[in-house]
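Only one structure is covered here, and it is reproduced in the block below.
Chain naming follows the written order as A, B, C and D, and within any one chain the residues start at number 1.
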Amino acid sequence: MVIVMAPGASAHEIDALVSVVERAGGTASVSRGVSRTIIGLVGDIERFETLGLLGKPGVADVLRVSVPYKLVSRENHPARSVVRVAGVPIGPGTMTLIAGPCAVETPRQTLAAARMAQQAGASLLRGGAYKPRTSPYAFQGLGEDGLRILADVRETTGMPVVTEVVSAHDVSLVTEYADMLQVGTRNMQNFALLQAVGDCGKPVMLKRGMNATIEEWLMAAEYIAQRGNLDIVLCERGIRTFETATRNTLDVSAVPVAQGLTHLPVIIDPSHSGGQRELVLPLSRAAMAADADGLIIDVHPTPEEALCDGPQALVADDLAELGRAVREFPPLLGRHLTAGASLVA
Amino acid sequence: MVIVMAPGASAHEIDALVSVVERAGGTASVSRGVSRTIIGLVGDIERFETLGLLGKPGVADVLRVSVPYKLVSRENHPARSVVRVAGVPIGPGTMTLIAGPCAVETPRQTLAAARMAQQAGASLLRGGAYKPRTSPYAFQGLGEDGLRILADVRETTGMPVVTEVVSAHDVSLVTEYADMLQVGTRNMQNFALLQAVGDCGKPVMLKRGMNATIEEWLMAAEYIAQRGNLDIVLCERGIRTFETATRNTLDVSAVPVAQGLTHLPVIIDPSHSGGQRELVLPLSRAAMAADADGLIIDVHPTPEEALCDGPQALVADDLAELGRAVREFPPLLGRHLTAGASLVA
Amino acid sequence: MVIVMAPGASAHEIDALVSVVERAGGTASVSRGVSRTIIGLVGDIERFETLGLLGKPGVADVLRVSVPYKLVSRENHPARSVVRVAGVPIGPGTMTLIAGPCAVETPRQTLAAARMAQQAGASLLRGGAYKPRTSPYAFQGLGEDGLRILADVRETTGMPVVTEVVSAHDVSLVTEYADMLQVGTRNMQNFALLQAVGDCGKPVMLKRGMNATIEEWLMAAEYIAQRGNLDIVLCERGIRTFETATRNTLDVSAVPVAQGLTHLPVIIDPSHSGGQRELVLPLSRAAMAADADGLIIDVHPTPEEALCDGPQALVADDLAELGRAVREFPPLLGRHLTAGASLVA
Amino acid sequence: MVIVMAPGASAHEIDALVSVVERAGGTASVSRGVSRTIIGLVGDIERFETLGLLGKPGVADVLRVSVPYKLVSRENHPARSVVRVAGVPIGPGTMTLIAGPCAVETPRQTLAAARMAQQAGASLLRGGAYKPRTSPYAFQGLGEDGLRILADVRETTGMPVVTEVVSAHDVSLVTEYADMLQVGTRNMQNFALLQAVGDCGKPVMLKRGMNATIEEWLMAAEYIAQRGNLDIVLCERGIRTFETATRNTLDVSAVPVAQGLTHLPVIIDPSHSGGQRELVLPLSRAAMAADADGLIIDVHPTPEEALCDGPQALVADDLAELGRAVREFPPLLGRHLTAGASLVA
């Protein structure tokens, strides 16, 4: 059982609740997030139900949910949620395209990629300043310099910025620059990072671990939610299987399955799933047809010079086809492409 | 290197070729199929190229292909193929819906399912008379009685029949009744069966092994092709991964990947991939958006009574939605739904 | 519920039992094997228990087992079984080494490999005359010529022969020559083949499918058992995972897990699991330490010339080390190496 | 190419080297660790070889290694390493048993488990004060209180302590108490954490990610090594596969494969691999027979009350058998059990 406190609940109200629970033989774990406090109860649920918790001062909601992820569960919150990133919606009714370079390299490359993204219909700019790399000798990203470039390109293009954070230590810095923080596949169970982005006050994109079950992915989201941050978008990016013809295997079924279990939006990354430019368009179309709430795609003005994942980046020639797909497919499922900042912005 | 003999090539012409190859220090493996003879050459390719093989009597084609699957490779045959099942096309330009009951149980159930299939837009009827079951105590299918029911329902509805064969021993019997023979996922590397259907003279649907790489799948198709039967349709039906929320994980990337490597049509089975009714529609849409050449779907008039895989069968209520999807999605990719026999047939 | 008939039960006795079951509202599926008849009952188990089936004429045993594999289950048969291959035991108390060439190529190579096998301590000779190959252009084995070579080498060395059968069609021929028939990983769910070896009257080695769960493996064994053949040895040979440093991943846990679920012996194939010579010894030792009932190992006098799987075959230099391991490890677990025919035989 | 600086190399010497490399058209990434500085070079290796780098002031070694992991590669360092944990060796020649409770719960439980561990032959105590848990509502460990308990039990028993750290933020605190820091499977690619333990000055146990290839595991070790910390022990703990009969699949082949690629010791965790008490002994024996340098095992005085992973903990009854195995198996491979502190300590 989980108690969600009202935003302005006082320390005194929280303490009072904990006492009530403990007197009833239970234990209460209090998670004080930036925007809300969440209290998890362990003990005799039947007993707790007799305590009138919902009527106590400061209590916004009391959830009794049978699944292990409670705050993100659809069982408790049947309506599917819309997450807004600097005003841009991700969720039911829309199909939001996020695009940009895998890694921020130079102001010029980033701006060129952002223009390409806009041309294809993107309303949000992606770009990595911190890159989690398998090898310590590989390019690790520009760090704060990269964040500054992203902020400048946002200024120029009007596109809000989605960027990855790879360490709890960097969360406050990244939050200063980004409109949405991304937690990558290798960090899906980096619980310290999950708690830090749970406290950051900005929306979070949580990529599925390449070896994670859907249930574990929702539990990871619950770590963020438990800190009071429910502005979470889930991103499927391929799982690890025995097949070697693709980098990973896009689990397109994860869209309907996850949407049935959680109220959070679910988007797809076709670039990292397949690892090949030729697969980005078919997988993007498949994702939209599976009713994904959005797509996140790598684009690069000159992928042969890219410092990271060049082979999977779309180039200028592909944009018209992507632009057509993101306009034609969503209406078949009652969605429309999320409008971005004007191209003349 | 592979020599494809002309349909009417004589035994003498074949022997002469083998002699030529052996005198050049190579070995020739002769595969006499029903419709064509295929000769595989092992040895010094450079040397073989000096022999003028293509000009020899009885030789239709000489293939030098770098991939291990030669006859089914797109490298050798860039145009994508259309396979016709009793006149019904599967391949580029069309999207063919195959539907019917997982297992044939009674004439009434089979006819009702066929009518449901037609209503949704199916032009081919699927239905199993031989069921490969994990347990020897499970329902194994009606055998020849089931084949007769399928033939009767074809008579009534005008729908050609696709049905599984599970043993080389049964191939000639099944060929008498069926318009297309299906090799199931557990038999993808049953090489005796592959050779038998390669000799049967009817089109073959080859399901991907649930643990097979795409390359192994194409090698299995090569076994059929090597017997002279190139009327092969590949069917992706989900692979085995660590995820337990779905029965198997639909590898939707297999559609563009396989279509890039082979000229054969590639279709998808969304029913067995997901194993749940709720997933059939989203996965069908995703398959079509990934440019699959067709779909094969379980339908059942009363799935709660089904002897096999009831939980994944579509019911009457779902048909209108499926019917709309198979008409709306293919045109976005330059395809149209393959027309079936008239409903009044 | 499963009825096991006595070896000499008459058709009349069987029919009488079926009638009893059907009058009680159940259905009975009769499987007439060569040595025994097995009757599977479906229906109201409580009702069946009132029928006094165990006392009826011709009935040897009546099993009520909760797991889906009944005849091979340890629940029903707690004592672990010993399977004898031409007198050579495989099972508790012993550790049996089976070795020989992956493929039979020539009499000379086969005899040399058999001598190597004996030198290391093998009591059974393995060797393939029929090879299931991924490519139709690869060496498929010598067929009956290979079987004759094996029989000749048995004559010379005194080693009983284990050899693979890849098609139900070949079972009677292979049975004439072999002392034990092997069903390979790709055929683990070739149900026609399982039933054929269930009828062959010789012991069977059933390799685990490289993608099969342990439960599916036991169900495949049940197919053989259901034909009245309980002389089955299970062989773990590596499963397919994402790891690419080894050909497959040896699932050494399968030994204790399967031995807990079934009374059948469980052996390990370290050669095919790892696919590399360097791994054969460590994996053999690990298998023995996990209490495997035996090992099956590839040896070849000149692996660089092998037509099949040369890179994984042990060579003469490795034999002393293998010979020491198979003598030193089993005693730590209360086993001793199964003695083979005398080397001077 | 990687330059390893001598422990006392000056900033000036480092800068001078960077200049030399850059003048040669290369780039140099300097990683200043606590004990050593490592410089990774990217550019024209042939050119670098003409620069006489090994003779420059402050340079201890220059490695040209073809594999992506350089400092941990055996190619560069053929002799296998011994890592000492407060004097207790892990590496060739010995087999070191690490045992203790999965989670530290109370002083009494921890001491009881330590005594059990010693009785079985353990020379190092494991125990978790920080538990990475899939659910935010699960017991997360006692934190610093747990570390204090571990230190007290070390005082009493003489056993050095191995304990997990789950966040870069906690590394300095954990380092104060622990003799060896453990990085868990979910954090194998938490690069910030890897760098932090690389700087901590204590030995590190790096568990394999449950979905990581052996190459990725070695790359993760390289992250630690690149900070100048080469006291790394690798721990295989099972990988994620389709098999559901065990929690994970122990990849026992990882022992010989990893030992062939890296000079670092490789141990096995049989408790977390199998997830069942019954599997711990067979998997421990298999690990030792595969020549593992050590074992890490869960023990608990009363596992039915354990707050974490009770079902896999060994209990008192199992200790005699484990104690016999760890004394009998290592000598067969030229090892002996590492002696621990005297039981009367």
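Keep in mind that, in the parts below, a contact is a pair of C-beta atoms (placed from the backbone, for glycine too) under 8 Å apart; a residue touches a chain by one contact, two chains touch by 3 or more.
A quick map from chain label to UniProt name: A, B, C, D = 3-deoxy-7-phosphoheptulonate synthase.
This one's a predicted model, so the numbers in the text were calculated from it and none came from an experiment.
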- Note on the structure: Counting C-beta pairs in contact for B-D and for A-D, the higher total belongs to A-D
- If you average the Cα atoms per chain, which one ends up farthest from chain D? B
- Calculate how many whole Å lie between the centre of chain A and the centre of chain B, each centre taken as the average of the chain's C-alpha atoms. 39
- For chain B and chain D, what's the span in angstrom between their mean Cα positions? 50
- Query: How big is the gap, in whole Å, between where the Cα atoms of chain A centre and where those of chain D centre?
  - Reply: 32
- Going through chain C residue by residue, note those that touch at least 2 other chains and give them in order. 211, 240-242, 244
- In the complex, the residues of chain D that touch chain A are 2, 29, 31, 40, 42, 68-70, 132-137, 166-169, 186-187, 189-193, 209-211, 216, 219, 222-223, 226, 240
- Query: Which residues of chain D touch chain B in their complex?
  - Reply: 240-242, 244
- Which residues, counting only chain D, touch chain C once they are in their complex? 211, 213-215, 239, 241-246, 249-257, 260, 273-274, 278-279, 282-283, 285-291, 328-329, 332-333
